[in-house]
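There are two complexes below, and they share subunit A, which is joined by subunit B in the first and by subunit C in the second.
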Partner chain A sequence: MFQVSKLTVSKLTALIASLFLFQCASVPPEDDFRARWSDSLLGSNVQANTEAEIKFGREVAARMLVDVDGVENFELQKYVNTLGKYLAQYSARPELEFYFWVIESDTINAYAMPGGYIFLTTSAYRLMENEAELAGVLAHEIAHVKQKHIVNALDIKTVGAGATLTQLTSGASDAFRIAMDQAADQAIQLLTDEGLNQSDEFEADEIGLTIMVQAGYAPDEYLAYLKRVSASKATQQKELSHTHPSFATRLERLEAVKVSYGMENLNYAILEERFKQHPLE
Partner chain B sequence: MARQWLPLITLSIFVLLAAGARAELAYVNSNKAPLFSAKSFSSDTIVVLLKGAEVNVLTRESRWLEVESNGQRGWVSVLLLKATPPGDTVSVIGSDQVELEGNARMRASAVATAGATRGLVESNDTNAMSFDFAELQQVENFTISVQEINQFGVLVNEGE
Partner chain C sequence: MQVSKLVLWSAILFPVMGLADEFHNVNQIVGDRSIGMAGAYGAVSDDASGMVFNPAGIAFSNSASMSANVNTLQWSQITYQEALQGKFDYQRSSYQVLPNFFGVVQPFGDWKVGFSSAIDDSTQEKQYQTFENLVGIQRFVVNLNNLQTTYNVGPTIAKKLSNTVAIGVSLPLHYHTSEFISNQSVLFEASSNNQLEWSNIYRRKTEQGLRPKLGIIFNPLPKVSLGATIDHTVVFAAAQTLQESQCSTNTTDVGCSSQINPEIINYSLIPRYPIQVRIAGAWFPNSAVLVSGDLIYNTAVKATDGFPAKEITLDGALGLEWYWTPRWALRSGVYTSMANTPELNNTGTYQNPHINRYGSTFSIARFSQGSSISLGLMALYGEGQSQLFGSIPNLLQSTTSLDLNAFFTTSYRY
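After this line comes the complex of A and B, so read on.
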């Protein structure tokens, strides 16, 4: 007769318990990408979090628009908006409506604010040669929004005395409203002066590249644009250099991303002609 | 004797239930998600899965998931799938009273004053807090239809 000791039963129980815990600890698909991906600043209510993210993004965008103006070329604004929304289909943030706006500025840069508000400077647009390059830049900014880089970078818990972004944007008290304004100030500073940390920029490059490729654009054109920016006048690229890692490092990493994703020699869209049909002036 | 098996049997049931309920399912959270024949953008596209499509996850890698959907098996970028179905588009426009520039300035003024009273801000200079919600509304009013976006994509998908 088969005899099982109490010790064997205990071991089997422990083994199965471990298996149970292992299964419970399984992560959802996208969380594999970056372990840092915690919405620690946000609460557990997805709808409320998204609303808070959009409200905060609106505040930041409205402040940015005090110092800059959109170009009065609405054919161009429509073209950039259409391309941006076309790319955003591959962002995996279907709950967000993305907005794109070309702003007058002599610095080469683009800005991604929480909730889907993305601005591109006229100087950045002038330096582009085709639609794929524009797609690459917009996809990079969409990736920042997708990953909530600005929200994660802000020390809202310090500013808001332990409050979540949802509480700050609720406007439920003077203290929350003050904290919200301070957080918006910090966001503007990050966007225009300090920049995000290098790992966020690399992540946005990688995700942006996958967005543009899945949308059908040639990834090499984004790299070509970065090379052109790095070779442009030092005064013009001053701001971009300040808020981003070195171009040499980014290009090196992007080449590695291309290989790891199998993006070499893709005969994808460049669309120089359509881009040229939408000049700034 | 039978009593000593009780914890083991109970746990086994939990494990089997957990295995059944485990996140083997994933959902397309982008409008479109190409299903590739291999974990490479250079491989053939088997089909383009649409937003909300449910897939069975077969293999997980850092950047790719091997999935099965409607009898078709292939690889999808991990960035396009989530463990939960996609939600509807969220909008806060028009949901609060802080949209108009005038209201925003009033609010900023109230905030600065309240903050100054509490010693939380350096001054009650309201000029330092301003918003251009009028232009923001212009940005938000710039709507593009789904048809226009689809039409825009036709040329892209033809390549060049």
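After this line comes the complex of A and C, so read on.
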């Protein structure tokens, strides 16, 4: 009987030891020794969600580009990209690589897709008079990306139960692939027709204004640009008016934001000359 | 017969508070990870439950966190062996559902601030017992209601002084409330000259004070953490109410042959608590294994008016946490809860129970992103001596206690 017990104990000890050794070999090293293995779940999910957001944004951008052409002006595209990436440093989304692209369009608008893909129309660019105005528009779009407005508007849960963005972009099943197609179409519909919630636009205006100020640009120029757009041809601003709150309300709120953040009378950069060195034609 | 009568009267006059009580300095173990590791948490403490064990620990928390004991099912029983007429055990039990901890930690600039609510000690006895086979006694009825709870509720603030040193302070409010009601009735056999003895005791007690706790955590080596705390409960205000009444009848006298008329007595006696020092160490060999141990030293307290002296206690706790996947972890631990009363002697009277207790815990936790839930069991066994019939020297009862506790805890990092 004793022999049996001894054997059983030995086997049990060996089993526990092998489990322990297997587990030790699997445990990832940590810089912070207090970090527990379960903490890796948090990190991997954030990473997975970011990757899914980028993948989804790339899909939406690709679909947008089916119907529009990019401007074939390398210097201009480089200029807008350089400025946009500089502004994106203030987005608090360091995990994203932002891309800015000027597209041919008679419509005055700009589009922010998940993951950091931002398009600006030629009509919107033509109406600008200085770099601060361009910075204001790009910062507004960066704010949409920062706040994940499209993802939230589509009610795709980036974490948790149900169809997550990670699942949609995984292509793991036909159902997910179909859902992904539908979500991308809905995103384009939101960008070009339905528009985001008014509260999202106000939020993007507010955050965008703080981004451009942090980057050193005069906030008044963004307001001046919006006033100019509101006075432009109705056909050109039709989509913008349809998808955004009224200019009067936006300007009124932006004035309030300026006051509450102490952004009045800032003698910040406008950079008209540099902007004019990058004409469309 | 006379001995039986005396013994029973003595029981009436000296109701012993044997369950979770002031006779031990380690009572409720609270928190999420900490309860699974038997309270061996003084050198870990890097989440909301750390506020109870070592306030400095929350400085090492990487994010805002929240933890709570959603439910703790507690069952306790104390057995006074052969207490009644030398042949019948007297048992008392307590059952309660107790959510005994809630805590939140948030970063605040370079500081971490938190708020916690912990129940440091609690019992809830509601008992009705009848004994019918005692010699010379037709029926002995004990009806007991004993509720005691001690709360520690308040803020904590902590700061890392460097990557290896952190300090923290907790300043919880100490609030204790207890209510004790005992009704006992003895109906003697018809052959006896005595007919009936009846007594009622009502005691109520409240205390308000503070329990400041200062903590430090030091990481002298990679993967090693040392912690130390000192705390002292200081009572600012206390109120006690006592009412006793009793009556005994016999076949010769009219009315009560002896009696204590009911009278409410209010008084305000300030109890004193020991200074507690906790020294702790933890070893984090990798992100899947954690071993920790605490020593808890409580100073002696001199007797004051209305309160007995307390002796020095030295308790220990040893805990282990082991992840076998990122989603699953086991926690286990052992701990002691030594009596702060002196050992009983055969010449003394009205001596408080001296029961040393030894506990173990086990829990399993599942993680999902920032949240975790744990389910566990705790057992605490004690052995010692009591003097149920306080007026009779040389009549001590061997006493055992058993506490079983099923707990469900959760925590969330955000």
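Simple rule for what comes next: the second predicted complex is superposed on the first by the 230 of 281 C-alpha atoms of A that agree within 3 Å, B and C clash if a C-alpha of one lies under 4 Å from a C-alpha of the other, contacts with A are read in each partner's own complex, and residues count from 1 in each chain.
In this section, a contact is a pair of C-beta atoms (placed from the backbone, for glycine too) under 8 Å apart; a residue touches a chain by one contact, two chains touch by 3 or more.
Keep in mind that this is a model prediction, so the values were computed, not measured.
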Under the stated touch criterion, name the partner, subunit B or subunit C, that contacts more residues in subunit A. B
For A:Thr122, select first, second, both or neither according to whether it touches subunit B, subunit C, the two together, or no partner. neither
With the two complexes superposed on chain A, say which partner A:Asn109 touches: subunit B (first), subunit C (second), both, or neither. neither
Could you look at A:Asn152 and tell me whether it touches subunit B, subunit C, both or neither (first, second, both, neither)? neither
Per the contact definition in the header, classify A:Gln186: touching subunit B only (first), subunit C only (second), both, or neither. neither
Quick one: classify A:Glu51 as touching subunit B (first), subunit C (second), both or neither. first
Doubly contacted subunit A residues - partners subunit C and subunit B: 19-20, 23-24, 27-30, 32-33
Contacts from subunit B onto subunit A in the complex sit at residues 4-5, 7-8, 11-12, 14-15, 18-19, 22-23, 26, 29-34, 38-43, 51, 57, 60, 62-63, 65, 77-84, 86-92, 95-96, 98, 104, 107-108, 110-111, 114-115, 118, 120-121, 129-133, 135-136, 138-140, 142, 144, 148-149, 152-153, 155-160
Please name which positions on subunit A make contact with subunit B in the complex. 6, 9, 12-13, 16-17, 19-20, 23-24, 26-30, 32-33, 46-47, 50-51, 54-55, 58-59, 61-63, 65-66, 69-70, 77-78, 81-83, 85-86, 89-97, 99, 101, 117, 131, 171, 174-175, 177-178, 181, 207, 210, 213-218, 260-272, 274
In their shared complex, subunit C is touched by residues of subunit A numbered 19-20, 23-24, 27-30, 32-42, 45, 159
Name, in rising order, each residue of subunit C that touches subunit A in their complex. 44, 46, 60, 62, 222-223, 225, 284, 286-290, 321-327, 329, 367-370, 372, 413
